[in-house]
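Chain naming follows the written order as A, B, C, D, E and F, and within any one chain the residues start at number 1.
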Amino acid sequence: MSKTADSTGRRILGEVMGAAHLERRDKTRNDFNAALNDYSEEVCFGRVWAREGIDWKLRSIMNIAMLTALNRPNQLGRHVESALNNGCTMEEIREILLHTAVYCGLPAAGDAFRVAEEVLKTRGLVE
Amino acid sequence: MSKTADSTGRRILGEVMGAAHLERRDKTRNDFNAALNDYSEEVCFGRVWAREGIDWKLRSIMNIAMLTALNRPNQLGRHVESALNNGCTMEEIREILLHTAVYCGLPAAGDAFRVAEEVLKTRGLVE
Amino acid sequence: MSKTADSTGRRILGEVMGAAHLERRDKTRNDFNAALNDYSEEVCFGRVWAREGIDWKLRSIMNIAMLTALNRPNQLGRHVESALNNGCTMEEIREILLHTAVYCGLPAAGDAFRVAEEVLKTRGLVE
Amino acid sequence: MSKTADSTGRRILGEVMGAAHLERRDKTRNDFNAALNDYSEEVCFGRVWAREGIDWKLRSIMNIAMLTALNRPNQLGRHVESALNNGCTMEEIREILLHTAVYCGLPAAGDAFRVAEEVLKTRGLVE
Amino acid sequence: MSKTADSTGRRILGEVMGAAHLERRDKTRNDFNAALNDYSEEVCFGRVWAREGIDWKLRSIMNIAMLTALNRPNQLGRHVESALNNGCTMEEIREILLHTAVYCGLPAAGDAFRVAEEVLKTRGLVE
Amino acid sequence: MSKTADSTGRRILGEVMGAAHLERRDKTRNDFNAALNDYSEEVCFGRVWAREGIDWKLRSIMNIAMLTALNRPNQLGRHVESALNNGCTMEEIREILLHTAVYCGLPAAGDAFRVAEEVLKTRGLVE
């Protein structure tokens, strides 16, 4: 069963996304969303984030860049959080997102700045 | 005039993309493409790559992630080169691209692996 | 006039999307949106959905897959409804969306699961 | 400093997007979003919109088309406004958006019609 | 039958894309591609390009912007041709594509400049 | 080791994509591409295609729809092949791709028809 406490993916998911995120998932688990949640734990976190070679901070930064390009604000917000959890500063996130403006275009960067600013405010990292 | 040898953007472009790339651009410069090449030198390299806060290796890695998401193989190949120039190893590029498979999907990662493999072979970094 | 009760596209639109959807469109019809609504009735439903060769259930499933890839949650919700109307089960929609995770990436599938779960809950098909 | 009243980009931004938009930006300016706002003023408006060769009405229309393709409703709404400010009629916006239905697909056009309709209603240009 | 010489869409297609394009389509027509070619003639050209309210030059320009955003170089080349046929100058196409760099990102604009430059060279409009 | 002859994913990959495809992969396997090929076998085929609830023909059709939307012609060609292997007729592929024209836009469908037509000609399914 994929929800055993000792599974690697589940442990990494909890560390990257936070215990509250994991708890919320477990509480709302049902026959429908279980298929994707198990995929996320086992494949995304258990099979890819678990690999060596690049560290979690870099994975979080790549996610911010990709989710800006892919236009997925829901997950972007969570990975701005994961980047902060993995040691990014406000200044780094600012430079990362300004860099996306050149390659993904200004509208993509504009939406991403708004999502990130909200997370940074919640954490008291901007005014 | 934007092509003075001492402009910051032009110098950084040369360092990131290589002198051969810069020379090829200058030789094929015309009334049409000059508008974009100047924009690239002044905005992309002179205004964004020139900033502090994140280093060039990270900018190259972000570009690999974004160009995979954005489906732009021409520029992807060049930024795999820039990543290698900025200190990435083959193993890091492999882990970076495997990470994109989860977020951008397998077809995006498949195309990116092919583009990167060609660059790595040219440099003798895979068999 | 494109709104005659007997037009093929209009009839199919009503069957696929439901009578309530059609009524809402008619009530909010104005000089601006009429251009797109007529296009939708005549081209989308009257010219394409009306064709033989593949059935409506398959067309609904393709739409779920495409709208997940295209990042269009508004229409995705409606076509999860149309898929259910055309005979899909909750289990089929779950497998369809898990399949999109591999090809469109986990963030796309995550957003799609959320949209679909809401529709399924409204219909009492998940807890 | 990029916020001097006489900077070209800032002046054009104010004319294209409206004084209220500019004022809102200035009031919410902080260490984080300043990087993107300055980029927008200096690069987008000061370096590109400031050029001759095509007029502002055409730039606004292109933005409506691109933002529909790129799936960016936040900026789309603002550029429907800028198009109206630059002389577009409701009828032109309708034809522009119907044209996007063929090339970007019906879901993209459907979302764009909804965004534009809201702006047009606020201005009293559709019932 | 959709190929009668007098159909509106077919006539407009010929005028916009050129007689050679139309002839090539007819020669390679088969049971498979006929479905899309008829759709293109009847819907794209017969139903949308045929409308009043915005002129063909503007439709061509919008297509250049959208096809750059959508990453479709095959059709982009053809619509750079249609834009030239409809009265665009090299300078206008340069400004149009530079404008896309801000909104779609530099890689999208870079690919579009290359496609357009080839068309412009074939026509002797850049050196 | 992920290449044991009896692994489920590997067996399904061979059945879906053909033995020649599998052999080509094995011959070009190296330290770099092995990471993605193993991911493809284990996750895509071993974990998702292996599931019950929807059959392989439907998975192939969904892939044609998604790869058209995602603009991935390399994989599209292979999944037109997989669709034919899984029982699709030329007529079904034609209707599937015409359906994409409405939702993904005409340029996306145009590129997809060209890719599919080449596969169909190789197999002698269109003149």
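Assorted remarks:
We take it that contacts are C-beta pairs under 8 Å (C-beta built on N, C-alpha and C of every residue); 3 or more make two chains touch, one makes a residue touch a chain.
In this text, all values refer to a predicted model and were calculated from it rather than measured experimentally.
The set of chains in contact with chain C as well as chain F comprises A, B, D, E.
Graph distance from chain A to chain E, where chains that touch are one step apart, equals 1.
With respect to chain F, maximal separation of chain centres occurs for D (centres as means of Cα atoms).
Taking A-F and E-F together, the chain pair joined by more C-beta contacts is E-F. With centres set at the average Cα position, the gap from chain A to chain D is 30 Å. Shown for chain D are the residues that touch two or more other chains, namely 39, 43-44, 48, 67, 70-71, 94-95, 98, 101-108.
Viewed as a contact network, the protein chains are fully connected, with every chain touching every other.
Considering their complex, residues 43-44, 48, 51-54, 58-59, 61-63, 65-70, 91-92, 94-96, 98-104 of chain E touch chain D. Listed in rising order, the residues of chain A touching chain E in the complex are 102-108.
Within the complex, the chain E residues that touch chain C are 39, 42-43, 47-48. For chain A in complex with chain C, the residues that touch the partner chain are 30-33, 35-36, 39-40, 43-44, 67, 70-72, 74-75. Per the touch definition, chain E reaches chain B in the complex via residues 71, 90, 93-95, 97-98, 101, 105-111, 113-114, 116-117, 120, 126-127.
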